[in-house]
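Each remark here refers to the structure printed beneath this line.
Each chain carries a letter (A, B, C, D, E and F) given by its place in the written order, and its residues are counted from 1.
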Amino acid sequence: MFYHDKQLQYKVRVDKPNPVFARMLQQAIGGIEGEIRVCLQYLFQAWGSRGPVKYRDMLLETGTEEMAHIEMLATAVALNLEGAPVSMKDEFAKDSVVGAVMGGMDARHILSAGMAAMASDANGVPFNGSWIVGTGNIAANMIANVHAESSGRVLATRLWEMTDDSGMKDFLAFLIARDTMHQNQWLAVVEELGGMKGAFPIPNSFPQSQEVQDFSYAFVSTNIAGDSQAMGRWSQGPSIDGKGEFKLVKAEPLGGEPQLSPPDPRGHAQTEEMMGNIGGIIEKVKDALS
Amino acid sequence: MFYHDKQLQYKVRVDKPNPVFARMLQQAIGGIEGEIRVCLQYLFQAWGSRGPVKYRDMLLETGTEEMAHIEMLATAVALNLEGAPVSMKDEFAKDSVVGAVMGGMDARHILSAGMAAMASDANGVPFNGSWIVGTGNIAANMIANVHAESSGRVLATRLWEMTDDSGMKDFLAFLIARDTMHQNQWLAVVEELGGMKGAFPIPNSFPQSQEVQDFSYAFVSTNIAGDSQAMGRWSQGPSIDGKGEFKLVKAEPLGGEPQLSPPDPRGHAQTEEMMGNIGGIIEKVKDALS
Amino acid sequence: MFYHDKQLQYKVRVDKPNPVFARMLQQAIGGIEGEIRVCLQYLFQAWGSRGPVKYRDMLLETGTEEMAHIEMLATAVALNLEGAPVSMKDEFAKDSVVGAVMGGMDARHILSAGMAAMASDANGVPFNGSWIVGTGNIAANMIANVHAESSGRVLATRLWEMTDDSGMKDFLAFLIARDTMHQNQWLAVVEELGGMKGAFPIPNSFPQSQEVQDFSYAFVSTNIAGDSQAMGRWSQGPSIDGKGEFKLVKAEPLGGEPQLSPPDPRGHAQTEEMMGNIGGIIEKVKDALS
Amino acid sequence: MFYHDKQLQYKVRVDKPNPVFARMLQQAIGGIEGEIRVCLQYLFQAWGSRGPVKYRDMLLETGTEEMAHIEMLATAVALNLEGAPVSMKDEFAKDSVVGAVMGGMDARHILSAGMAAMASDANGVPFNGSWIVGTGNIAANMIANVHAESSGRVLATRLWEMTDDSGMKDFLAFLIARDTMHQNQWLAVVEELGGMKGAFPIPNSFPQSQEVQDFSYAFVSTNIAGDSQAMGRWSQGPSIDGKGEFKLVKAEPLGGEPQLSPPDPRGHAQTEEMMGNIGGIIEKVKDALS
Amino acid sequence: MFYHDKQLQYKVRVDKPNPVFARMLQQAIGGIEGEIRVCLQYLFQAWGSRGPVKYRDMLLETGTEEMAHIEMLATAVALNLEGAPVSMKDEFAKDSVVGAVMGGMDARHILSAGMAAMASDANGVPFNGSWIVGTGNIAANMIANVHAESSGRVLATRLWEMTDDSGMKDFLAFLIARDTMHQNQWLAVVEELGGMKGAFPIPNSFPQSQEVQDFSYAFVSTNIAGDSQAMGRWSQGPSIDGKGEFKLVKAEPLGGEPQLSPPDPRGHAQTEEMMGNIGGIIEKVKDALS
Amino acid sequence: MFYHDKQLQYKVRVDKPNPVFARMLQQAIGGIEGEIRVCLQYLFQAWGSRGPVKYRDMLLETGTEEMAHIEMLATAVALNLEGAPVSMKDEFAKDSVVGAVMGGMDARHILSAGMAAMASDANGVPFNGSWIVGTGNIAANMIANVHAESSGRVLATRLWEMTDDSGMKDFLAFLIARDTMHQNQWLAVVEELGGMKGAFPIPNSFPQSQEVQDFSYAFVSTNIAGDSQAMGRWSQGPSIDGKGEFKLVKAEPLGGEPQLSPPDPRGHAQTEEMMGNIGGIIEKVKDALS
């Protein structure tokens, strides 16, 4: 269960409110790279954890911390919205700066939320629960978490570049630091689980003898024209998981043409479909008649 | 641009059609772990690639291959649907096997698609473009791709366990093999880009001197009761990226209580909100009057 | 910011795991009546609160409590999934009970989550951030919260009826009790804010003299055939907000027919649309020619 | 069944078209606070009504009226779009007012709809059927309706503040009046159903003796630091429903630590997860070896 | 504006309630082929109509009729749900028919709606406003409407096949008849607008001289292996719009390789991406060192 | 299966990058009128095709071509984003052109994608798999495809009008030409299948004798006030499918008032609902008491 302290985890200061920046910060709240996603992702992974309890505990810790990150970002949005234009009245035509601000901000920050953060991204697209990944496989989960923190840190550095508000820069520098830690943290679990050679291929509990092994370490090239430069570490040499040797093969069809049964009449395909290649017949008749 | 061959990349055989399994296969088509996602993800990453052309070319190759995987899965769904019940008529009450099948299959396979695959997951939830990750950072993209292939391979092994149709098992064993390769492939790029110590923290182009460095390698514990077992590789020792030393800190508030301005009257908060702590006043008056 | 205790707020016990019930419990996690919604709704309302601090603090308290409710429900789902069928193999055809279970459970609990809760509803539809209401008006927010707790308590009582697992019944009886409290809690704020006569119409800060007052307390009847029984407290007598008198009026058009300008040619409507009522002309020409 | 009159319910006049305002009006059409939602919500509640016919009839009346509101708003959007820029050509760089307008309007009003309203909100996010609440409990439905009309009236007053077009202000003043009525109307039903003391807790048909009654009227405080100001009408005194006495309790865990079974091997968790606390073992071995 | 009659447009009778069929009927209410879609599509097209008023009026007529179709389907769902199991209790394990019913029905019909229709499809996926097409071009709209009525009629015939309840069959036979009419109705408008040769290509107001005319009537073949049978009416002979001659061309690239600029450093791509083809360099260095 | 050539199908040139136009182009990628939709729609129709193989082959050809269209549009977006502002810094306040650009562009093109295309529409709303129509009826599918190409060509002509970049105009003129072809192509199949008189009503395999034939060719008028101008080709004369005669009928209710059973007590409707018309009783008692 959970407790709170009314104070924030880190200082959130806005020197000069900017409603367009408020909108951009929404990406870090309700976007796919955002904090609602990581918070719920880590907590759901913890709540479903069936392996060693240390991982459950760790996920609970960091999921709980992320809750505080949503809180700080929501506060940053509210502060950036202070003084935003709430009327287009006559000044809109006259003053293009007001227009630009109003054009660039999220109108729903005014209309729906009354100058507060929402659970949506920078385009007002709502947070979506499908983004919360918990596979029941700890290694797959850790990679999902490294991914979330990587795209999250890329976003945070871009927000940092976007503004020169020193309060916002300092706050984002804190989030960037936490993303550094969390990338390392999830990678540390992968290392504990055996690292590149032990944890992969994920899941490592499936017997590779059951794979169609000719294709387990083959880079398949679909290029049919000119030189491809798609060669690299992945097209020759030992595989990263240490269990095979990379090779290069040209794409080729091994499966033949698929053959589906004709439609069930009760599915009400068009009559012509159910009469075989009637289309061709009709065409020929027409040709003959014309 | 793209070309096709009417034949399939690999043999898709169904010994005994099973409409409930058809529904489950949909997760591998239109689910977040599915092939539409990886196909478009790799292609969009290629099309937006601004770095070394070798990575663009490689992403094009594999994105194109994934298109063939969607095709095979769609064929597998169509084959598994052959002979599915298209009427509930009286047999429903009498024959619980029919009922079970009809209950467990996706009714839209009959009603909407006429016994064919759809662009949705095992619950009929449509594919969603938000799942396609392309960050403009090659390392972040590679981790996103390893993540996609990890959750995808976990899914494929579960589908393999779910069925004992030897055709389906063989086909899934091919997909599992390709997921093995693709996990290795994206990890090979990470290795090329410097591996754990060179590529991380992602993005590695942000100067870490700008982070709030006290928190860059600190595991923050939010636990306030009893023993936490959340200690591990991530709470002490050198960080995985080789740029810091893990440490453990207890969560504490550094940010004070947030202070927001009162509402703008034109935003039509409730009158009492705009009058300060009027709630308390009203309550006291009521107490006095009662 | 937030802290956690590894223990649960209330006992979650499952006497006999039931994967179909696990699916139903998902509605209380990721559905529109569920706990993710209320948790984030109360917290976002707190974080955007610009009125008396007492309401901010109260919302933080209860939002934090709801986090523990998600946790308990996620645990209940995981426990109900233990022992669920993970293979359809041959027993599917033979054993209709297995089939019924497999048909009725959420296949993604096996395929995607590895026997754990997900952030979706009983149909696997993902949680959606649009459900999180925070208007910037405390009274509108409180009514939104009473609504959430009302539909939530209705759901919980139905889940209670659905099962006879004594562990689950006890757990749900706890959630039902909390919903009782929370309905009362939000109504208590409405009372503090003036109750039916003071808080309504929401927002009470808009001057009613600006409304088209003829219609402010009129029940408009659109019925044009037979007797309507739609009369009641709302069609006569003083209004609930004490600021008007209910009356009954028949619907009638006061606005005339709308007149839109013809299309801009660069918007590429069909040529005929841009030539006025050409459709009629063409028709007449055809009539003349036939 | 339904009939129509080509005329509008109320006059919709736009003195000076403004495509940015057209976009904002979309929130009142296809947003969660909008008229499509209330129209369908009242009608679906009517169509599913199993209680006294008077409520069914009343819901039909008002649902039908709301249809006319969508119509008027759609007309208002079309009128506000007249004369909007349909080309960025060279003037974009030169004329920042055009730029601001184009930046602030919904480009899909040009590209997709040809200068007409769409079934989406102010950010172009489509209307979503999940917003339509019909619980099968009349009191829960009425509260949902008061909620819809409250957030709707807050929105309408903000739109009214946003513009100084006298035609639009008059039209919005009509909508605001209707929202006043509808708030009162749904509250009138609640009064008929027994009001605060009779209708609550919703559903009032569940025997409260079955709740975990210690928690039915307890305000649970999760605050662990400093003074909370979260006290009020809800933390002491008689409950609003008249069936209990409010009290304040500190949050505490009553449920112990959850214990989940280890993963089923066929679910392909990582091997290490299935071997118990192997993570700790591996770590110790590594320590010993280093 | 709109009026209603409490009576239904056509008789809705259910001889033997079937909650699984109730779920299937949802596809015709809130699915993409369903009646909410056509109702709102026709009305939005009417409200945005800027061409001859006869089309606006006609769209209003039929949009209003569709409202009555939603009503009848919602009634049919409610009737089919009567007597559905609302508890899994002990009989679930014993009685596989109950299990099959419960597995096949939409649990939210019990849990969320209290035995009533919802605004979602047969899988519980909510209605989505993006499905409502109104392009501002009357011919494009008519084709969208023929499409909606075609997929709608296909759905209705499959529902008719699915059941042998004579009441439901009669009701569906009415809907099928209306779909027959509406397909014809929208095609009649296309005929009025010039038919195949006059209305196409849509929009017919764009000067075809501005197209890249070499490709305006060319069937492009991407097949690169074996015989394609993709020849037909579309690969030779006069085009359907009468404005060109079909021809067959093999796909070939005319556009060269795309060249994108390197990333802006402030976008924080990975450092190696910004250093040109550094990947290759690193690889070579590694090769040299190994 | 599929192959690729690194070169583009047609030249994509941008003379002057424009990030606002990049956003608009997104509608043609990830919007409902866009190329991801048609690509997957044609391919899924091919993969599920159970009729004459010539249609399957043809759908594969064109679906594969559309893949190249997504690629070109994604390239066009990336090129239009070059040089876009990635910081709001101080110039925002000073330079309204920068502000207008930033307001009008999709911030996620910077924040999330690093100056590349995304799988979403012009408002950042993600592509949705529900838009992919494949009904299992070839004629219904062809009409769906004509619809997709009609709304797609309308969109493309509007994008063409929007810009005066000669590179973009040339590229769009190519897409417009392909849409011309594809409209003709799908109509050619309809002609092959019998044209207006043979293919309709879709599905033509359902026996029309089973329809409620009184309504199969009746234009139902719901208008109850003033003159309707809704007469035309559809209200008299032979039907387009040649199987009936259009007629005009006034809407009238044939179905009576629906009668639903009272709620099941275990569904926890409000007590008053389950007691019959208790609302009226309560009201009368109140009247008597007042």
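One rule holds for everything that comes next: a residue touches a chain if its C-beta (ideal position, glycine included) is under 8 Å from a C-beta of that chain, and two chains touch if they have at least 3 such contacts.
The shown structure was predicted, so the numbers you read here are calculated from the model rather than taken from an experiment.
The chains that touch both subunit A and subunit D are B, C, E, F. Residue numbering at the subunit C/subunit F interface overlaps substantially, since over half of the positions present are found in both copies. Across the two interfaces under comparison, A-E and A-F, the one joined by more C-beta contacts turns out to be A-F.
Centre-to-centre, using mean CA coordinates, subunit B is 27 Å away from subunit D.
One simple way to say how far apart two chains are is to compare their mean CA positions; for subunit C and subunit E this gives 26 Å.
Shown for subunit C are the residues in touch with two or more other chains, namely 1-9, 32, 47-48, 50, 53-54, 57, 60-61, 64-65, 68, 75, 78, 86-87, 96, 99-100, 102-104, 110, 112, 114-115, 120, 123-126, 128, 130-131, 135-137, 139-140, 151, 154, 157-158, 161, 189, 192, 202-203, 206, 222-225, 228, 232-233, 251, 253, 255, 258, 260-261, 263, 266-269, 279-280, 283. On subunit D, the positions that touch subunit A within their shared complex are 18, 20-21, 23-24, 27, 31-33, 96-97, 99-104, 121-125, 151, 154-155, 158-159, 161-164, 222-226, 228, 251, 253, 255, 258, 260-263, 265, 267-274, 276-280, 282-283. Looking at the complex, you find that subunit A touches subunit B at residues 3, 5-12, 32, 53-54, 57-58, 60-62, 64-65, 68, 72, 75, 78-79, 82, 86-87, 110, 114-115, 125, 128, 130-131, 133, 135-137, 139-140, 143-144, 146-147, 150-151, 153-154, 157, 160, 170, 173-174, 176-181, 183-185, 187-189, 191-192, 196, 200-203, 206, 208, 210-224, 228-234, 239-241, 244, 246, 251, 253-258, 260-261, 263-264, 266-269.
Chain contact summary for the complex, subunit B toward subunit F: residues 1-9, 30, 36, 40, 43-44, 47-48, 50, 57, 60-61, 64-65, 67-68, 70-71, 74-75, 78, 112-120, 126-132, 134-137.
Here subunit B touches subunit D in the complex through residues 154, 157-158, 161, 224-225, 232-233, 253, 266-268, 279-280, 283, going by the rule given at the top. Interface of subunit F with subunit A (complex): residues 1-7, 47-55, 86-90, 92-93, 96, 99-100, 102-104, 106-108, 110-112, 114, 120, 123-126, 136-140, 189, 192-194, 199, 202-206.
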